[in-house]
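Submitted below is the structure of interest, expressed as structure tokens.
Order of writing sets the labels: A, B, C and D. Residues in every chain begin at 1.
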Amino acid sequence: MLYFENDYCEGAHPAVLQRLIETNMEKLPGYGTDGYCESAKDKIRAACACPQADVYFLVGGTQTNAAVISALLKRYEGVVAASTGHINGHEAGAVEYTGHKVLALPQKDGKISADGLRGYLQTFFGDENHEHMVFPGMAYISHPTEYGTLYSLDELEKLSLVCREYSIPLFLDGARLGYGLASGGSDVTLEDIARLTDVFYIGGTKVGALCGEAVVFPAGAPHHFLTMIKQQGALLAKGRLLGIQFDTLFTDDLYRKISENAIRTADTLKSALRRKGYEFYLDSPTNQIFVVLENEQMERLSRLVTFSFWEKYDDTHTVVRFATSWATKMEEIEELIQLL
Amino acid sequence: MLYFENDYCEGAHPAVLQRLIETNMEKLPGYGTDGYCESAKDKIRAACACPQADVYFLVGGTQTNAAVISALLKRYEGVVAASTGHINGHEAGAVEYTGHKVLALPQKDGKISADGLRGYLQTFFGDENHEHMVFPGMAYISHPTEYGTLYSLDELEKLSLVCREYSIPLFLDGARLGYGLASGGSDVTLEDIARLTDVFYIGGTKVGALCGEAVVFPAGAPHHFLTMIKQQGALLAKGRLLGIQFDTLFTDDLYRKISENAIRTADTLKSALRRKGYEFYLDSPTNQIFVVLENEQMERLSRLVTFSFWEKYDDTHTVVRFATSWATKMEEIEELIQLL
Amino acid sequence: MLYFENDYCEGAHPAVLQRLIETNMEKLPGYGTDGYCESAKDKIRAACACPQADVYFLVGGTQTNAAVISALLKRYEGVVAASTGHINGHEAGAVEYTGHKVLALPQKDGKISADGLRGYLQTFFGDENHEHMVFPGMAYISHPTEYGTLYSLDELEKLSLVCREYSIPLFLDGARLGYGLASGGSDVTLEDIARLTDVFYIGGTKVGALCGEAVVFPAGAPHHFLTMIKQQGALLAKGRLLGIQFDTLFTDDLYRKISENAIRTADTLKSALRRKGYEFYLDSPTNQIFVVLENEQMERLSRLVTFSFWEKYDDTHTVVRFATSWATKMEEIEELIQLL
Amino acid sequence: MLYFENDYCEGAHPAVLQRLIETNMEKLPGYGTDGYCESAKDKIRAACACPQADVYFLVGGTQTNAAVISALLKRYEGVVAASTGHINGHEAGAVEYTGHKVLALPQKDGKISADGLRGYLQTFFGDENHEHMVFPGMAYISHPTEYGTLYSLDELEKLSLVCREYSIPLFLDGARLGYGLASGGSDVTLEDIARLTDVFYIGGTKVGALCGEAVVFPAGAPHHFLTMIKQQGALLAKGRLLGIQFDTLFTDDLYRKISENAIRTADTLKSALRRKGYEFYLDSPTNQIFVVLENEQMERLSRLVTFSFWEKYDDTHTVVRFATSWATKMEEIEELIQLL
């Protein structure tokens, strides 16, 4: 069986695991106060060119989204997101569970636009009944999006501008950030993200770690964010597990290097699909490829390859997703191409 | 420096880590649906002599407490707990954050009694205004407690009886369960716990795992518990990380064996303390030792040993805690004894 | 100044107020346990031809929506509603504040269709990832809707059928129910609503009461709904205030009679508008009239008449709403017609 | 039957009702924006000698407590209260339902002391693990307390000082404030309360209104408190109902005058009880009298008089409560005295 179902089907990158082994019996204080966490934070600050940033390590994506959003919103505020945003559809209502509404905006290729956001904010504050409505208190975007697409630097600059104009924080969900940074189709750097957002996270779970997401607040975290993490049940006793992993991922540019593998293998697959005449559902420059398959072929292929059913296209076709990752081997791509 | 500060200052037990290494590059499905999770669940069911039990793996203790309690309580119910219970004082209000009150009961040595619980329930339901109050909807106990003490089988039988009489679930927090089961001072087995409670968890974080708690519902979990875990941000994408660890811990009785080390080393330390005439704050039969130190000695000792400040005893004395664990070496105990 | 801004700009219907005066110094027990509440409940049960119904009195609409929805949903469920539903846009996130998502469905004239709802439910349960999503746990409709439109008996029968097929409760927000029942354009009776929904409320605030909504559970309320009302801060100490008002409104068919006044006056206004060639934004058979005004005329009119700005129609036109009520006098309608 | 069960068994004071009648058909804007609300707010500001105060009207006590507390607390904070505080025991967990813990402090006669509060805060901030605990974010007191007792001016000054020292707001629940202000046993004025607290409310429900509590923020309300009221389902559409009542209560000193009646009748009853040799459970200077009855006498009396069972005193005696109110007639007191 070939696996292209997702980007988290292996354990950790070998170098990450190796470091866990080497440090295993060291006696360290808990809750993220150990030296590895400190070192990882310093390296992340350096990578972001943002020496004053506050960095926290959480365990998973949904947890991070809920923790960050509920920490930044005021009680009467909600979070604006693309209707296809992960928080809106695929996190079991974790944001609402903290008491806040997700204010869904129309999307294109998984993205919201600065104009769409500004229009929403203008309409809201222009409505004389807005005190009876949920205040838009922050904006959530994902980069790459749930469709593997990327914001251009220009799009990001404009979104950031709107947020600052309205004094609402901009939050970037980077569960797959590595793949976005490594994509040839992107002009956005980590420094840009640190400059243009108020909080973002660098995904580990899908980019080489056993688990873990590094949350970065370029201009500082809200007061007592640690207590809020604990309150959410998200504070890891052995914080070292996260610190050591991120310390490794941000040593010798490992995070970027392993991300590039996902892009390289995805690009090879995309070229082959294009050559073979497949129709793409949309054009994604990262590690997720959305392609239209004829139903019978899909059925046949599914006996040899795992992939994700995405949605029905028409009565005889279906949109499916192939995902590559830091761990995908070029031979696997070649085997897959043979079968297509 | 000698470390007796807590029972989670190392990484994982070497056998656990070894298994993570061996399985690292296997491609496995996510969210706890892999074969290692299945195998671990089977082994836990066998260890509990409870073949029909539902088992789930979560990441940490506070998270598990909040997830289980909020999944079992009805909207208008709270959870009864000892005033010293971990959920009442040391989890940053994680239970209240899910909308439920912790109904604190008087405690003795960290334990509530069946009589105390029955009295509370009788008074509540006897109060004609009880519909204006928070209904006691479940009982929470920890075993070992926050003071390292244990319920006797008789005490547990009686608590269970009261809970069943009033049709409220009994939940046992087993963050340090291994140390309770391995203690010579206990007549309570894992089978007893599975028979007498409605839900409990087997702590991994403090007993040899990098992270992870195994939640056991002897008579079945609430519907859609998985969705509630996700809603809480507690569903691990790489569920394998938890499955592999618990599969290892429940192979060849490893969980019990490594727990016994903590008890053995604690017993040695206790004997020495007794011999040297130290006053114990209370008598704990597990891996946490509470002892009264003269302040100056405490000060001196703290330069060479880490331990926990517990509470002020009198103007010249302080209660401190020494904790042993699966990783404590007998030589470390001997070094510590030298210093006392 | 003429008032057509809303249907709650006066106090109570004189008969309601009279009854409050007559009973004012009677000494009565609190929290809805007095005889007037009992009598009002009996009359409502009779009017619904539903002798086994449970009836509760709450103070306002948003409160009632939040109390009912959060009492019926399980923790992991959300409520399906038209995107224009009051709970989705105009209640400051009161539903989300209780931890639940509003799952917005496309609407037409403020209504959702049985086909739309079935399609949503089919897609949800057909999605193999649905355990990572918010379960649709009940359906919310309003009748009349926020646009003054009404479900036909056929539409309501079909919606009810879908809900029963999927075992989710159907909740009808009847903040303006009187105006719906009194409308000539409706074939839906109170008995139909009691037969086809699982819970609904009969609005008092907008139909002759100082405040108050009567919640009806035709097949019985959830256990301890009273405690949940208290928990929401919605339990009135002097429950008599609500009981006496509804007892009066449901004596001698008063609720229907005063509702008919709103329809009569609205119909007269609509005829005049039609005669004068005004364009209606949509065709509402109840007491809210949505009409397109030329901006300059709107400006001029607003100096003499209050009405609601609804939305921009085009650069030179605006949609406005005129609302009549139980208290609107035919002379006021005539004065308004003069000004149009 | 004689009624001494509570202080809310009649409707409204006749003058309040009269004003509702006179204004009933005036057309007024909704949600508290009418002129009566404005006038009432001005009168309350004047009575508090606090011209810059923000005043809001809510419907009931539990609702007000939950709305104010959840609006002022940060996400990770709880509210400190006497263990006997209404929010801790008799509001069905309304505070916890908003996600916040009630941090219960030992009490004496229903009161907390400045020393007790300072000790709690010192211990909390002195605990090096306090980031894992619920932060004390405000202090809640009731005046009169649930036992009818009152804080002296000195006690209130000291509590206020501690709160300001630790920068946490002091909230005074004045559900029965009129009776506290009118008590001969009190040296605390409304101006004192406005000077020494950060928020308090003037109870209407128990002091002459059909419903309603006036919340006063002497130094200004939190931003968008109106939206938070709406979010809690607590915003009354016909805000006039509250405005007109409080406008009347604060005209010609009516609130104080009618409160004095409760004190006068209670004092007469207390003198008689003392004369007859009854034992008081505690000494309450307001309208609630707690007295120890022999069980058989209690039984006999309960056939002729309503009163509240408070708690068991010993095997043959019970503590009961008699409450007077603005509506109690001296003849009723005399009748009751005859029966004792």
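One rule holds for everything that comes next: contacts are C-beta pairs under 8 Å (C-beta built on N, C-alpha and C of every residue); 3 or more make two chains touch, one makes a residue touch a chain.
Bear in mind the structure is a predicted one, so any value in this text is a computation, not a measurement.
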Notebook entry, point to check: Which chain has its C-alpha centroid at the greatest distance from the C-alpha centroid of chain C?
Noted result: B
Notebook entry, point to check: Would you say A-B or B-D is joined by more C-beta pairs in contact?
Noted result: A-B
Note to self: On a C-alpha centroid basis, what's the spacing between chain B and chain C, in Å?
What the structure shows: 50
Notebook entry, point to check: So how far apart, in whole Å, are chain B and chain D when each is placed at the average of its C-alpha atoms?
Noted result: 42
Next item on the list: Averaging only over C-alpha atoms, locate the centres of chain A and chain B and give their separation in whole Å.
Entry: 33
Check: Hey, what residues on chain D touch two or more of the other chains?
Finding: 76, 91-93, 97-99, 131-133, 227-228, 230-231, 235
Checklist line | chain B residues within the chain D interface of the complex | finding: 76, 78, 89-93, 96-102, 104, 128-129, 131-134, 309
Check: If you look only at chain C, which of its residues touch chain B in the complex?
Finding: 31, 70-71, 74-76, 99, 131-133, 135, 223-224, 226-228, 230-231, 235
Margin query: Under the stated contact criterion, what part of chain C meets chain D in this complex?
Written below: 3, 5-6, 8-12, 14, 17, 20-21, 23-30, 59-67, 91-94, 97-98, 205-206, 210-211, 227-228, 230-238, 240-241, 327
